[in-house]
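A single structure is presented below for examination.
Chains here go by letter, A, B, C and D, matching the order in which they are written, and residues are numbered from 1 within each.
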Amino acid sequence: MAQSEPDPEELLELSSETRTILEEHSLRPLWEVEDEMGTALDDPEADVWKWEDVQEAIDHIEEDVPIADLPPGFQRRVAVPINTAHAISNSIYVGIQTVSPGETAPSHRHGANALRFAIDGHEDMKTVVAGEEFPMRNNDLITTPQWEWHDHVNDSDETAAWLDVLDLPLVLDSMNARNVFENHELERQPVTKTPGYWDSQYGNGRPEGDSGDGSIPGPFEGIREPTPPYRFGWDEMLEALRQRADNDEPDPHDGYSLSYVNPATGSPPLFPTMTFRAQLLNEGPTDPHFHNATEVYFVIEGEGATHVGDEALEWSQWDVFIVPPDEIHHHEPDDEAILLGMSDRPVLEAFNFYAEAEPSS
Amino acid sequence: MAQSEPDPEELLELSSETRTILEEHSLRPLWEVEDEMGTALDDPEADVWKWEDVQEAIDHIEEDVPIADLPPGFQRRVAVPINTAHAISNSIYVGIQTVSPGETAPSHRHGANALRFAIDGHEDMKTVVAGEEFPMRNNDLITTPQWEWHDHVNDSDETAAWLDVLDLPLVLDSMNARNVFENHELERQPVTKTPGYWDSQYGNGRPEGDSGDGSIPGPFEGIREPTPPYRFGWDEMLEALRQRADNDEPDPHDGYSLSYVNPATGSPPLFPTMTFRAQLLNEGPTDPHFHNATEVYFVIEGEGATHVGDEALEWSQWDVFIVPPDEIHHHEPDDEAILLGMSDRPVLEAFNFYAEAEPSS
Amino acid sequence: MAQSEPDPEELLELSSETRTILEEHSLRPLWEVEDEMGTALDDPEADVWKWEDVQEAIDHIEEDVPIADLPPGFQRRVAVPINTAHAISNSIYVGIQTVSPGETAPSHRHGANALRFAIDGHEDMKTVVAGEEFPMRNNDLITTPQWEWHDHVNDSDETAAWLDVLDLPLVLDSMNARNVFENHELERQPVTKTPGYWDSQYGNGRPEGDSGDGSIPGPFEGIREPTPPYRFGWDEMLEALRQRADNDEPDPHDGYSLSYVNPATGSPPLFPTMTFRAQLLNEGPTDPHFHNATEVYFVIEGEGATHVGDEALEWSQWDVFIVPPDEIHHHEPDDEAILLGMSDRPVLEAFNFYAEAEPSS
Amino acid sequence: MAQSEPDPEELLELSSETRTILEEHSLRPLWEVEDEMGTALDDPEADVWKWEDVQEAIDHIEEDVPIADLPPGFQRRVAVPINTAHAISNSIYVGIQTVSPGETAPSHRHGANALRFAIDGHEDMKTVVAGEEFPMRNNDLITTPQWEWHDHVNDSDETAAWLDVLDLPLVLDSMNARNVFENHELERQPVTKTPGYWDSQYGNGRPEGDSGDGSIPGPFEGIREPTPPYRFGWDEMLEALRQRADNDEPDPHDGYSLSYVNPATGSPPLFPTMTFRAQLLNEGPTDPHFHNATEVYFVIEGEGATHVGDEALEWSQWDVFIVPPDEIHHHEPDDEAILLGMSDRPVLEAFNFYAEAEPSS
């Protein structure tokens, strides 16, 4: 209904009596409301956050603020790229978090889904989820799903940094749902599982009764198989990408692209609200396309540019950039590049509203 | 994360250098952003729109504006209850539409899902959808699903009025999707189906190949079985309610309550974004509960009040009222009442975010 | 592995010592076993049971045996077409049952799924299922699903006759499952529901919580939405067929064909083990095809022939005939005919084993 | 309907005229047919096949018959435990196959699903499926799903032996489906994939478009997500079992038990017709139970006995034994044992016919 017509309000003579009645009773004529719809939220714009800038910021924040000084409920030291009201987009939030040697980001849980993608990782930097300590090695992706306790403990001697990705703007700004939040009574939740437990239980064997039981943690109800706590090791993901490149054709728009699966279903999306792709670009520029989903990218390695409309977003390792909905875009890696692609496509697919096309030439 | 703590910003001393770096690079510390989240959209408030007021308004609009004078793309004469930016809520839109004798609301289609619930209906008031003329008798509910052509033709000699319900705020204001809209080249789409066709094809018999094919009309993709064009006759719905009352216990919060099914699946919700219930209240007040879904009600018949927090919304026939998310509420019919309950619960369930509880006593 | 090769046993010289060892330990070489497989059950052959013959038989049985004389657990007076070991096929059983005026076929329940299709029906001939009396008018189809109590009570003054269809051969002869059977302590189960109850609860409205709960009655577990007790009135089914004929193209092999839906899912098959189609043939001969599903037909009205391989099965009203798996077949109605088509296709589809093709010309 | 009543036939006096009519028209009274049902197939009996006996047999067969001498379509050298007409049970077939150094079991494909569980395996003993060479190390499980080409090539210098498991009796003897079978034009299918390809594509990443596409190979149609070609390495499975034992309670009837998942769904069953469990028994005897599914076991390691009714099946490494439907049974390992449990439970669940209970004490 977003059409560039002459302003309909001016064309239409409602009597002043009618106007008075409408106003008195909190009513408006559709043709006026219609014209304004689609403006309630800030639109995201194509943009890139360079790692050197982000790094400067997080270093300064780390110097200024020990985690322990942050008030309860806010004890995460994160720099947040801002593009819409409170995040990089209206659905996906990304932040860059640091934990200094010896520090702990204390245990809490919430309704929003989250994951960590390790940038400066370490074997002894642990994210503890649902009773298991997950080591955060470089490029590992660790889920901290809806309503699971999670804390981040740096037992190494180096500052660790990672990408946080949550569906916060969707949950808090775009839907009427209230996020639910709770602090653990302890700074660190008890470790109750042996290392590798969650991985092993969502691998090739599953307890028979568990298949498709889909019980959702917390006070929540819904129709989707919940995502388990899980660590996606980068080595395995990279091997799968290389296998794909050795045996198959690339996707014209996304290159050799594998979507992280929800381990409980063996299929993407990783969360009901967000999907994540490891994308290997090594066969020149991709073909342009557009879609009504938002795409946020993190550069795992390599350099290049992504063309969005008339703009070129130049990127290199560890940069973050965004491709807004409905903008024509394609990627041009300099040589070989690997991206972490993040998209809210599952939100649109949940309502049969996803649409994608190539520009007519 | 919405906690009423002391403003964290004041507690935290970021150096002015850090502040400068953050601002320069469109970055913000999480603890500040977190505090502001959940404020991007207007919150709906409990309220009631009395039919006498609505009627006064739609009568005046009808007098002032023939449909034919409205500009293309806006040719619907509707009074819209306003409670949030552009609608009664952040997910569900309702409007009260009139078509005068001899008038046509011309044919168009769009991405948003819609239905009509006939208030002042008539056998010769027709909503034409997907090639079939659906008569709009009182209390009939007619779907005009995503991307199906629809026009409204009043061949009777009385003004017809009905409730329009769409997921417009969700589609246009709350998600990054752009609604897609198209006018038909004709004012009235061709009638290509015999009367009763769509009903008969989604009744007790289905073509074998069609089961679960789930092809979605238009440019859209998704994971939900699309809703067909369909007319839910009131007589059958009322009979089912009476059967329920004769044979079963009422739901403690919703009374004898039957949800309109998606005829393609035999199960609610009617649309992936909205569910609709016919609710018969005749056993005194219901028990209080609250949930993070929005509820909008239309009073089909009877009188009573709905208590929302400390407020009592008094209602009688054809009034519209809203119960905002997370407000404790219960219904008190004077005697027997029948409500059309509308809810965005499917939106929350699509992401495992629905939550419901009784107040702890 | 059924290939017409020379007998492999003769080609292969196993030493007598090897033979002895194999026999001693209940072992056999695969190449010998392989050759014999597929012979454990009788294959069904194309055949037709003429109504005049069936009628003569059921009249004689009715004269000879009052239901009351039959021993408990066998109190159904039915003539069963025999084509394989114990039924018309290896999956679908049909029988023709009569109940004389004043008689009752007493209440019981079992694991096998059943339906009744009324031949000589009557408003006062009742099948009681799950607490509701369902009138058996001509051509009505009434489900008595797995583990639901059912009794047949003839309160009219005429003998009633109907087609029983069950998945008994599959359950009892072809799978290792034991059927479970129980007699009700009463001859007639108590009527606890008002007439029309089950129909109304699986129509256009459904209790919200029930959607997809799929709880299976009895001691059983499984992955399919169970079929509810339900009466499919013929008038509605016929109207849907006529609508199809007025608006759509016929299926090349089945004519205008609508499959009875499982009312709980809005989609075929009616039972997890059997699908049922109302088929209107009025546009000349259908195209030949073949499939590995068994088809059993009941002629609702009209005359014609079905060609199966080289054979022509001539049929008229109320005849029963069978098209065995993998036989090429097509239908030739004399003028207009309506068939009830029954198939075990869901059994094959449950394991991805269904296959269908047209003969190469 | 299997009740031990007095023979109803004797109780009922059908006139000789009625008998003549029935016989003439291939009709029988239900009460007679009912009594005979459930006898068409041989019932399996509890039994054990000791490895030493099996080994003696396969050694002799290997000596007597080179694979190359077997006729086309029968070129597998397998000893088949016989308990029903053509297999160990009416649903699951097991065989013990050998391939001598330098031999190839040539490439073919068929409708039945199969897997290999390596007993005497070797890195250079390869099962080639869908273009990839899968090494058969001890206890590896390799799928050769419906309609995928497969050949077995022994490039090692030792005879290899493994367990073949197929759903042949179900497909060929118990359903009306005809198995479809085809020999490859080459003895060895071309190797077109790099080692590890299939594993990598059904691991943690999946191409987005592939999720849930469920396209079934060959001429087949159905409703189940097909199983991909896949090798389940034993190390990973054993680790998952140990993790389970370290962190969870055992199942009372099956011990620490993990079911092999269909990698395309992340859930059991491995095939639509058969499920497979790795079971670690190390906490004494399990509790008795019974179910209408057939269980076949292969002893991966350890010794013990399984009590079936009054019988004790004593087993040690590499023995095969069967627990027939509806027999009360429990396992008693001597110390620690690991079993491969195989069950046709999915067949029963496909039709809501699975039932399981503990004996009433």
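To be clear about the criterion, contacts are C-beta pairs under 8 Å (C-beta built on N, C-alpha and C of every residue); 3 or more make two chains touch, one makes a residue touch a chain.
Protein identities per chain, from UniProt: A, B, C, D = Gentisate 1,2-dioxygenase.
The shown structure was predicted, so the numbers you read here are calculated from the model rather than taken from an experiment.
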Co-neighbours of chain D (Gentisate 1,2-dioxygenase) and chain B (Gentisate 1,2-dioxygenase) - touch as defined: A, C
If a chain touches chain A (Gentisate 1,2-dioxygenase) and chain B (Gentisate 1,2-dioxygenase) alike, it appears here: none
Centroid comparison with chain B (Gentisate 1,2-dioxygenase) (C-alpha atoms), farthest chain: D
Chain centre separation (chain B (Gentisate 1,2-dioxygenase), chain C (Gentisate 1,2-dioxygenase); CA means) in Å: 43
Whole-Å gap separating chain C (Gentisate 1,2-dioxygenase) and chain D (Gentisate 1,2-dioxygenase), where each centre is the average of the chain's CA atoms: 29
For chain A (Gentisate 1,2-dioxygenase) paired with chain C (Gentisate 1,2-dioxygenase), centre-to-centre distance based on mean C-alpha positions, whole Å: 52
Interchain pairs in contact, sorted by label: A-B, A-D, B-C, C-D
Chain D (Gentisate 1,2-dioxygenase) residues touching chain A (Gentisate 1,2-dioxygenase) - in the complex, by the definition given at the top: 192-194, 196-197, 200-208, 211-212, 232, 236-237, 239-241, 243-244, 246-247, 251, 254, 257-268, 275, 277-278
Parts of chain C (Gentisate 1,2-dioxygenase) lying in touch with chain D (Gentisate 1,2-dioxygenase), wherever the complex brings them together: 1-3, 5-6, 8, 11-15, 17-18, 21-22, 24-31, 33-41, 43-44, 47, 49-50, 53-54, 56-57, 60-61, 63-65, 69-74, 76-83, 85-87, 89-91, 95, 97, 110-111, 146, 167-181, 216, 218-224, 226, 272-273, 292-294, 324-326, 344, 347-357
